[in-house]
Amino acid sequence: MSANGKPKFAMYWAAGCGGCEIAVLNVHEKILDVDANFDVVFWPVAMDAKYKDVEAMPDGSITLCLFDGAIRNSENEEMAHLLRRKSQILVAFGSCATEGCIPALANLSTPEEIFEAVYHGPTTDNTHGVVPYPTVRVLEGELHIPEFYPVVKTLDQVVPVDYYMPGCPPESHQIAAVLDLVIQALHGQAALPPRGSAIGAGNSTVCDECPRTRHEKKIRQFVRIQHVQPDPTLCLLEQGILCSGPATRSGCTALCPKAGMPCIGCYGPAEGVLDYGARLMTAVASVIDSQDPEEIEHILDGIPDPAGTFYRFNLAGSLLRASKPAIMSPPPAATLRERALALTPEGGEEGK
Amino acid sequence: MDTATVETQPPRVRGEGERPPLPPLPPPPVVDLGFLKEVVEATAGVSRLEMCIQCGTCGGSCPSAADMDHTPRQLFAMVRAGLRDEVLRSNTPWFCVSCYHCVVRCPQGVHITDIMYTLKSMAIRAGYYKDATAPDFAKTFVYYVENYGRSFELGLATRFYLRHHPLRVPGIAPLGLDMLVKGRIDLTPRRIKHMDQLKAILARAAELEAAQ
Amino acid sequence: MTDRFEPLIIGFTCNWCSYRAADLAGTSRLKYPPNIRLIRLMCSGRLDPTFVLKALSSGADGVLITGCHPGECHYIEQNYKALRRYLLLRRTLAQMGIEPERVKLVWASAAEGARLAEEIIKMVEEIRALGPLNWPAADGGRGTGDGKYPASVIHPPSEEEVTA
Amino acid sequence: MTERNEQERIGVYVCHCGTNIAGTVDVEDVAQWAAGRLKHRGVVVARDYKFMCSSLGQEMIEKDIQELGLTRVVVAACSPHLHEQTFRTACQRAGLNPYLCELVSIREQCSWVHTDRLAATAKAKAIVSGGVERVLYHEPLEPLRVPIHPATLVVGGGIAGIQAALEIADSGFPVYLVEREPSIGGHMAQFDKTFPTLDCAACILTPKMVSVGSHPNITLLTWSEVTKVDGYVGNFTVTVRKKARYVNTELCTGCGVCQEKCPKKIVDEVFEAGLGYRKAIYTPFPQAVPKWPVIDRENCTYFQKGTCKACEKFCPTGAIDFNQEDEFITLEVGNIILATGYDLFDPRRIPQFGYGRLANVFTSLEFERMSNSAGPTGGRIVLRDGVTEPKSVGIIHCVGSRDRNYNNYCSNICCMQSLKFAHLVKERTGATVYNFYIDIRAGFKDYDEFYQRVLEEGILLIRGRVAEVTDAVRLAGEEGKLIIQVEDTLIGQQRRIPVDMVILSCGLEPRRDAKEVAKLFGISCSANGWFIERHPKLDPVATMTEGIFIAGACQGPKDIPASVAQGAAAAARVLGRIQQREIAMEPIRASINADKCSGCRICNNLCPFNAITFHEDRMVSEINPALCQGCGTCVAACPAGAIRGTAFSNEQVLAQIEGLLLLNVDGGRAETVVPEAVAT
Amino acid sequence: MKYLLYPGCSMERFSRPYKDSLLAICQHIGLELEEVDDWNCCGATEYIAVSLLPAYSLIARNLALAQQQASSGPDYHRAGDGRNSRGGAYTLIAPCSACYLNLSKTDHYMGESPILNEKVNQALAAGGLHYTPGTVEIRHLLDIIVNEIGLEAVRKAVVRPLTGLRVAPYYGCMTPRPDYKKRWSNPEYPTELDRLLKALGAEVVDFPLKTHCCGGHMTQISPPVAYELIRRLVHAAAQYGADLLATICPMCQLNLDVYQGEMNRYFDTTYRMPILFFTQLMGVAYGLELKALGLGQELVDARPALAKIGVEMPAAEAAPARRPRKKEGLPMPRMPGEEEMSHD
């Protein structure tokens, strides 16, 4: 408990787009309740704070910590451990922290490929081919930056997590509800759900909240939404548009399907599902309306990027977590360190 | 069996001495049971030769069966029996006109025509086939293809006829003349542009074939 | 034991055809390497891609999916569903950089003990040639971790309290 | 999971099976290992024994259950298909729910197929570990008991269906016999003589037809088709469409005046096999059962042009009723016997045999009608011109059979049929008869004797599959003839044999609509389209669908004796069921968790047994446990993981995977992690 | 949209009429053809009998060239709608039966056997070429005309119907036979040419030997055999009262036309059965200039037969009445497309 007697609140932004942070602010006046009920001690986006301040706090002194973003590098992991140690309730906030989300799609590529794309790609102007080294020895001494991990991890792959809040980003009305619940719990007016469960989401899947009419499914062709004028009231999947609704946890109120766009699965797997992609794959494949291998293959050609489609938000959280070459490859740091030494005066290059 | 030792000697008759050894048995006929496998493997695609049920559809369908030493069906039975020499000496493959009637009718889907091609090339390699006419025609044909990239009817006909049916040349000559008049024969062979390329390809192919 | 790589393969069989084929292989004393371990399902239609991914991520070097021949499914047509899932899964796995030889679909009727044995022998050799998969075990994962939670002022119940 | 183990007490029992298992697997080691290594998984006792399935072995298990308070049992022995029931019953005797017992096979799938003792032992351990992990997720189950409705539906009024119907009806139970055509009798009614005894088909069939027609326990529904089948074993609800006859069966006496007077004559493609004519109002043949005619709407002048009504004018009892309409009736039955028969192979598909182009090429069925004294020619064997008697006839076997291009199977009846034809032609015309065959298959009682007899009659048999039948003459003497070109394989020469008439012994094919019928009744078809029996040897008339049986040629090409035998067999199976009054079904079923179900309807059309229904009101899908056959396809398909499959749940399978991967082939630790509780 | 054309050696000279007429009619019906550049002989039935691999490589070179040429430009005709995972094979027209068969066979076997595929491509590599099985779809000209252009279009273009001309449609063996892709015609009893000729207004006889062999290379190796086969064909055509016989293959035309005299001499017979290419008849029906169709180059004069065009011709006595329909007669089984086929 802090001086003003209010429980402490923290929020941290790891490997992610920051949408989650915005979503929190999107709760509008609710944010005032946060301020009223919590003492915000650490929230880099909202206020200035240093890691060492957090280190200084006693363990378990933070009551509620919302952790958004995935674990992409050593800094993310260090902060995860730090905040775990300091927090009573650590919430994996948003798809990145929960299951990897878009950043984890990088798990389909090796670090080498990623660096190639980022630092030498056609869109990169990097005439000297400079790449970041975890350790660079310069004349003044050694410089360190966080180490890049071969694969993106979910928060709970590095520390124990109390609650999961899915969504990319979590819907603001859900955030508001969760904040309410926690506040009530603080005043002993409500009990928190069991540890390890998902909060701010439903127990069924998106179809449950989707108003579109449905029939028995028979798919003879997959089409991309941009190539067709979908029927506004009929189930998109029945129209051959690959909608992830059937496999995706409810809670978003089926925003996308309502707006005529297929669900892309940001709320992740339904309760108790071990592998999101597998569920979606098996469901979609089962209703393909053909018994002829040739024809089935032909129909499947309509799904140009299966892995990316079925694991768009879930790759890090899936059973395989990454492609074989990626998960088998060593951290690039190992190789990079040597180059780093080559850059020192002894190496000569620096001298010129 | 570890019981009583089995008697390996012919029984002794009491009072007699060693029996004289039995006279030697005549040698077995020469068969090559690997022949079937060999033919199957040398044939492009899936020959299904081993599936033949000897129904005779091929022999019944064959337009030139009358002139064959053996019907295709018999030939396949002989292949199975491993009678390599008889098979490769048979004129049957050489009378195959490649009409594929047997192939589409065969209830077992045996690729008869392709098997005939295989047997022909085997026979040529073994230098077995008695009447050289057909093989020579094939070779002459191949000669033109290998040197010009195209076949050349006139050359083919003359070269070949003079060799094999010199007596029929006068008979055929007017025919050739007719064709000439009608403008249906070249006097000189045509050559494709990149003969060198074709030659290279064929040479490599020949090496690869020799390798196996 | 020799130090050559011994692959570990999980095989899924359907109760009516391929499992009986495996039984037949046994009763006819056919021989195949001990690298495969079979799981009986009622039908190849029961095959959930999750099972395959689970096996691969839990240490299996390959997965063999088997069922009745098309048109001879004892549940009429469920093996076609297995086929469809397999074809899609195969594409996804390909993108994940997993060699196609590692996950195979084979139809085997109850009479095809020999065929099943051959397929197993073939697969073991192919995977031996590929080498181990050795999928790294996930460190942590949902509901895992050292369980050392800081003391809380509002006592969220532990799993035990809940499930009990 | 963890707390599970504290409660659960597992017993592991490893069988030696004499030396069958112990010969290759170190069973003692396996048992000890299980007791030690798997202790933390809840294994409290692990024993090995010479013969677990022996009464002593079973008693050992029962004793442990009672004394050690085992909650789950794993038996490592032979295939579950052999002894699963045995050990389940043992558990039940000891008061443990039988479904808490798991039998894993370390014989068929281990000791018998491996030679390396160390590796086999390691695998056996892994298999046991898999069983232990799996059994932890077993649930106590109760078999489903359903009552059996005493009535039976027989589909198809051919000889097989007739036989089945009579057997059941004679034992005092009600039967509905549904036939698509206006009369029962099937193909047999079209024949003249039957091999090998040559007694006339009508003489032996008609009495049976009559007793079907008059039997108090048989409700005969001809000119009718089954359109819908609901329910499950013991309780089927069947919808039958009674096509309008346009004849009032109450009034009709079957006098036949209408047929005489009807001005419209059409080729009878069905009963006369296209060789004869019938009227627009007709009974297929004089001895038809029932005797009432039907009006064939498509060809009736009145229905097409609006005038005529000759039949109505002349009918003495005023039985003609042009206003009749199709009628749909529903039947409640406990069991169903399918005896839908076969179709004849259409030889037009083999152009080189000339059928349809060359006038004097006939099909076997055409010849049956021709040779039938009640047929279009009154039994005279003549050419297509209707007058000329053939001087030479060629009979071609295996038409469309034993041929990858058409049907790869042997049609079973053709050899005998063709020999019968040869005999009839010889007997009635004295013509020269050639039979062209690949092999003569005369494998049943008195069949080969008949072959001998035909040989004696001087029939010329030529061993060779005919290449072509042509009218393109090549040699003198062939003009105006049909030339059969064939290799006489016994002399190895191609022969051209000129004949006047060619008979094609066409093969048997599944009914054109066999696959739809199979789907309608929820049974399976082979790739060819024959209905699949539960077991080719041991259960030839049952199907995979409880309560549905098959008899006769719909299961595969068959001659009359075999069809009759199957009809009787199917009847016997049904009667057994009816006597039991109720039946217990394996509780391997799927169920949907309504809270989790989002009503996406992915599963809806995955079930071939129509067990899944969607409730528009609640927007959830539901499974009817009695219809569910437990294949688990929907379980595997549900995107929300809302469907559970008992006995093969995700938890069970995933846990078994973990367990199986516990040990490496060399006995060392494999890469796997300690099993954790997971659901998908 | 262009179609690739593989003419084959025969077309260059002794079957020039075929090439001339097909180019003429294709232009007329708007079928744009482009020759495969520097194609070589397909080896006929000879090469493969000498050595297998070189034979397949010889043929594969053409396929490789076709592949190269087609992939160079956008507007070549492709099979399927392109969404096909095998990317819509390029269509290659082979009007000669032997070439058609050899090309499609090679493509098929290369696809079927990886070993052959690898070896052949090794050989091709020596010439800096490569062929991927399935990228070129070989089709016969007749197939294209009947199934791509369509008989309706063919009928529309007719200006001088061949009414009254009795034609025996002759397919020969290799075109309808083992079709290494999906069948487009019946191997025993095709009807494509029949229907095409009907569309031209001709009276088509139900030619029983329509797919029987013309003797192939036997005219060279052992003429007696070939002569016998030729005799069977011309006799059957005469038996059915045909005025002429229409063929779709250079080799058939060569044997039946050029060697008909030889055959007559051999058997001491007097058959005079004109043999024309179906493309020539199309040209005639389209009213194209006869010379441009290579007419007159046949050795058995076709003019008398062609002179009949437009003249109503009584059914030839020679044609045996095969389908009695007398009242007392027994009904005949109906054939699919009965009305089309029957002619009594």
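Letters A, B, C, D and E mark the chains in the order given here, with residues in each chain numbered from 1 onward.
The rule is short, and it goes like this: a residue touches a chain if its C-beta (ideal position, glycine included) is under 8 Å from a C-beta of that chain, and two chains touch if they have at least 3 such contacts.
Note that this is a predicted model, so its numbers are computed, not measured.
Listing every chain that touches subunit C and subunit D alike gives A.
Steps from subunit D to subunit E, taking the shortest chain of touch contacts, total 1. Touching subunit B and subunit C at once are the following chains: D. Counting C-beta pairs in contact across A-C and across B-E shows that the higher total falls to B-E. The distance from the centre of subunit B to the centre of subunit E, each centre being the mean of the chain's C-alpha atoms, comes to 28 Å.
Subunit D has its Cα centroid 54 Å from the Cα centroid of subunit A.
Here the spacing of subunit B and subunit D, counted between their Cα centres, is 47 Å.
Subunit A and subunit B, compared by their mean Cα positions, are separated by 69 Å.
Residue positions of subunit B touching 2 or more other chains: 101, 104-105. Counting partners per residue, subunit C has 48, 50, 54, 70, 77, 81, 85, 135, 143-144 as the residues that reach two or more other chains. Among the residues of subunit D, those in touch with two or more other chains are 352, 606, 633, 636-637, 650, 654, 680.
Note for the complex: subunit E touches subunit B at residues 9, 12-16, 38-41, 43-54, 56-58, 61, 101, 108-109, 112-113, 116, 119-120, 122-129, 173-174, 177-178, 187-188, 211-213, 215-218, 220-225, 229, 258-259, 261-262, 265, 296-299. Residue ranges of subunit B in contact with subunit D, taken from their complex: 53-62, 65-66, 70-71, 73-74, 101, 104-105, 107-109.
Residues 595-602, 604-606, 614, 619, 633, 636-642, 650, 654, 678-680 of subunit D touch subunit A in their complex. Considering their complex, residues 203-208, 214-218, 235, 237, 245-247, 250, 269-275, 278-280, 282-283, 286-287 of subunit A touch subunit D.
By the touch criterion given at the top, residues 42, 44-46, 63-64, 67, 93-95, 97-101, 103-105, 111, 117-118, 120-121, 124, 133-135, 137-139, 141-142, 144-145, 149-153, 156-157, 160, 165, 168, 171-172, 175, 178-179, 182-186, 190, 192-194, 197-198, 200-206, 208-209 of subunit B touch subunit E in their complex.
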